[in-house]
């Protein structure tokens, strides 16, 4: 089956920043992403858990964008302003994307 | 006049407060008892809708007068000015940074709607009534404090990170946040449909109200208890004390305003409660956006872990007793 | 006979409809007010259970007769045939593709149970009663329309993608979808336990019903409002109009059937409402499986963003007024 | 004395049991009907809070005596000793491994609080009352069985994997699990606030109770039905039978204890129900931690898919009839 | 610690297709997978969000399968029929799987 | 934009083991992780689904840790005791982590 190489960018970010980040992605021409829930975690700013924790309602989400390698730079620039001073982490990895009839027509 | 003491005791051994205590104790014992987030949010929607609707019906029944406008104005002023007092106190007694102190101050200008809800049920239990428009006052007191706090930061020395200003997106998030819209919306629905509307949904929004409040406060107890257990270490002694003293300052300002306007005993109590209470939903979210370098472990722990329990258990009966004394009433 | 106008006004200023309006307005203002998915689903389970159970109890009290069978038959026919009319209209007035038009048509043969629930509460408020078996009729009207729509596609020119047929898995998903099973199941429970059963759970399924409906419609308003705000651009003028005209065609067919069968005023109103309303839960899911190339941004926006609000606000009182006039009644 | 048969029929055609049956049937038919996890958890919080609170109020009204202590003691003994009987039976009649048999045994020493809740409503319907402290007895019966089962494993041949012991973390999880804390906590709140407290929240925790129980059992039916449909193959004939026989052994032991202590008819029924019922929440979780090599597909399917439905439909009326006969009562 | 190389296939797909996809995986001999919730996203067919959006109930899920490289072809073939005409995206990446006592006995 | 190489460890594990695993990670000096919900899945011990299934309440979660390569060994050792006899799967992959102002100060 045909595939093409792409970058998978996973951004764990504060929920309050979600719509700002998505708007920035949009403006940078990144039209494909998915938002996943995060139940809790730990990092430089300490621990948190969604259910029954003091920070409920101010939790985190994970935004996943699969982009062509040449879009990566634009994505990073767009996201950076919103991530810089906020909690979270951004990872980038290599993936193959399966070409479906629909995808290849894009 | 009932003594403060008996009011406090009556309040403390009500199912509502004991449910809160149960939550705090369960959290402190590290039980795994939790209320699912969706259920907690569902209950808060119920409580906001019910309280807004009932306020609207009361206004429909009693009509509107100049007091409404005056009280709204007083609420806005209290919300905008209390942060300055809070900020000054914090910068004097604690070593909090300018940004942290401003963020905390924003919380104390703003309000806790659950404290407000709990207070209405204490007032009810005391056989008093309050002006129906107080829920509208509550809604207007959420935002001004945020502006004051951001102004306090912006006049400080230049900071590199963050924004410390209200862009249009944040303005919309603050002014149209879900709680405000639901509260004002159900207030309007209540005002429009009046007693007829209330009759239709009374057995939903009136009868089970106290019971839902119990379960909601159970959850608040769990959340506050966990916050306090984990983050107490982040609060220095003076900051901790501030969490119990600032409500008294706020309540005094609220009482003064209530006297000037000539509110009823119930209304004055509620204005005191609003001024005394601090936000732990809307303001923290706004602070994360506008002042990301302020520490949630300070402002959230203080507001939810110290001030909220203080108001719920001791504050409300105290404010009620003072309002009774001042209005020479009940 | 009450005038259509006064019926419409009474409907429009009820807490239930105003809650829906609040949701639409909050969505249009881009407030972040949301009802958690789990809570919305919980409320819909409550409403379906309550309405099914009450229908069953009514049948237990009044017994079953030939009308039941006739009305079920009428419902199946309406569901199966209305898609042909809808399809013909859409292909004439709009430039929708065959597949998109068929998908939309499926929605209009099928029904919206929430519109049905809202109508029962309007009928109640008007002091009328409807045949208890109408909830069973509602349940049977979900599926036939889907078959008709798939047939409409299958007789068209050959398409490469998709399936456009009902495999056994899809058949089970359609016939045993959660809403149908819950509605018919609680209908049977109500019919078996009768008045005794009702007495036991009356204070759960009767008293708070209207209030729960308010919060549920608040959520529906939010969802419909968001859909409309975002996807209005996908609907051409004629398609948009279709969303308000097709209900009238459906309601007329429903009225004719009701007259023939000799339903009560309330029953006729409900049959009109069923015929006039369009699905936005079961049919969209089936279309995603069977007609994946049909665009949800068209059928969903039309059904939920246009037809649902139309029926809820203007349609129901109109249908009630017509049913009153036709049955010369009440 | 009412006949067992009529008691069983009355129970079987109540809305509560029929809702459970609906769930089982829907699951068997592979309908996609589901109750969201958050809603199910919300309902269980409601039920635990209500039953605990009412028990506490009953104790406040009637005072405490030696019976309370005796019954608590009896409960602890039953919970600790029944696993030995269950283990012996299973090792004799089935080919389950020592570890699997011990894990199953733990479930049958422990209790199902939902079965308990359903039994209280059957007792209510029969016009009887039970000692309010029975909810406290229920809470103390969750844990001892787990210790017995782990001891049974530890005296067996040495195993390589797992732990089979209770470390401090597990001990806290068992003793302070959410259900126990909520049940005991609301029991205390009820005992403290008494009739006054009840009056305040009666229309929340009393009136809608039966209705909420219906929806909760609908969900239990779905869950049990799915478990049974999928995992029945994992249960051999003897193990399956054990699921219906062990409750009778437990109930007999409970009846004996109840007679010795001199409990009321209602109280004896509840003690029988507790001894007869088996855990499917707290114990499975503890087993996953302490005995990871025991198979959930056995203990969970048996407890939830066989014993729970058995007790709910046939067991409870049977135990009630026996208790009536033994106490020469009602 | 011992590990072995495998492929991680992440399929973001419409919820209505979930049971069909899982059945197909099963038939293709893919017995290990996990289903994760997705809160919202954006792609060629526009934006959607689970909470309070018009498409609620017709959302997406993410199915993750970790398979041995030699199973990848079978998985792709099985999944393809169900993905082809539907919304979503499929990515494949390389991972190491930790061998536990239980895994190695497989 | 500057990035550094890291390992992404994804542990799908029974929910009852979550707090034990997180405590172990903490003790091993792994201070960064996120917990994600899992709706259902299939493995050697059969199928399960969170909503409306017999095992509800005894479901699984996914713990994601992004660690520097030199921490991987410690993480694996810490996690292993808790994973060994339990259901689940652990995968490890290579990622690049975006350096933000906050991260680089770490």
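Just so it is clear, A, B, C, D, E and F label the chains in written order, and each chain counts residues from 1 on its own.
Just so it is clear, a contact is a pair of C-beta atoms (placed from the backbone, for glycine too) under 8 Å apart; a residue touches a chain by one contact, two chains touch by 3 or more.
Just so it is clear, the model here is predicted, and its values are computed rather than measured.
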- Query: What are the chains that chain B and chain D both touch?
  - Reply: C
- Contact-graph separation of chain B and chain C, given in steps at minimum: 1
- Task: Please name the chain that ends up farthest from chain D once chain centres are defined by their CA atoms averaged.
- Result: A
- In terms of mean CA position, the chain most removed from chain C is F
- Compute the distance, rounded to whole Å, between the mean C-alpha positions of chain C and chain F. 45
- Message: Centroid of chain A to centroid of chain C, CA atoms only: how many Å?
- Response: 38
- Note on the structure: Where chain C touches two or more other chains simultaneously, the residues are 33-39, 42, 161, 203, 207-208
- What positions in chain E touch 2 or more of the other chains? 36-37, 84-85, 93, 101
- Message: Strictly by the criterion at the top, what is the full list of touching chain pairs?
- Response: A-B, A-E, A-F, B-C, B-D, C-D, C-E, D-F, E-F
- Touch list for chain B against partner chain A, complex: 27, 33-37, 40, 161-162, 169, 219, 222-224, 226-227, 230-231, 281, 284-285, 288-289, 292-293, 296-297, 300-301, 304-305
- Spell out the part of chain F that touches chain A in their complex, as residue ranges. 1, 3, 6, 8, 22, 26, 31-37, 61, 66, 93-98, 100-103, 106
- Item | chain A - residues contacting chain B, complex | 14, 16-17, 19-20, 45-47, 50-58, 84-86
- Note on the structure: Given the complex, residues on chain D that touch chain C span 13-15, 18-19, 22, 25-26, 29-39, 42, 125, 203, 207-212, 214-215, 218
- Message: Touching residues of chain A toward chain F in the complex: what are they?
- Response: 10, 12, 36-44, 49, 60, 62, 73, 76-77, 80, 83-85, 89-93
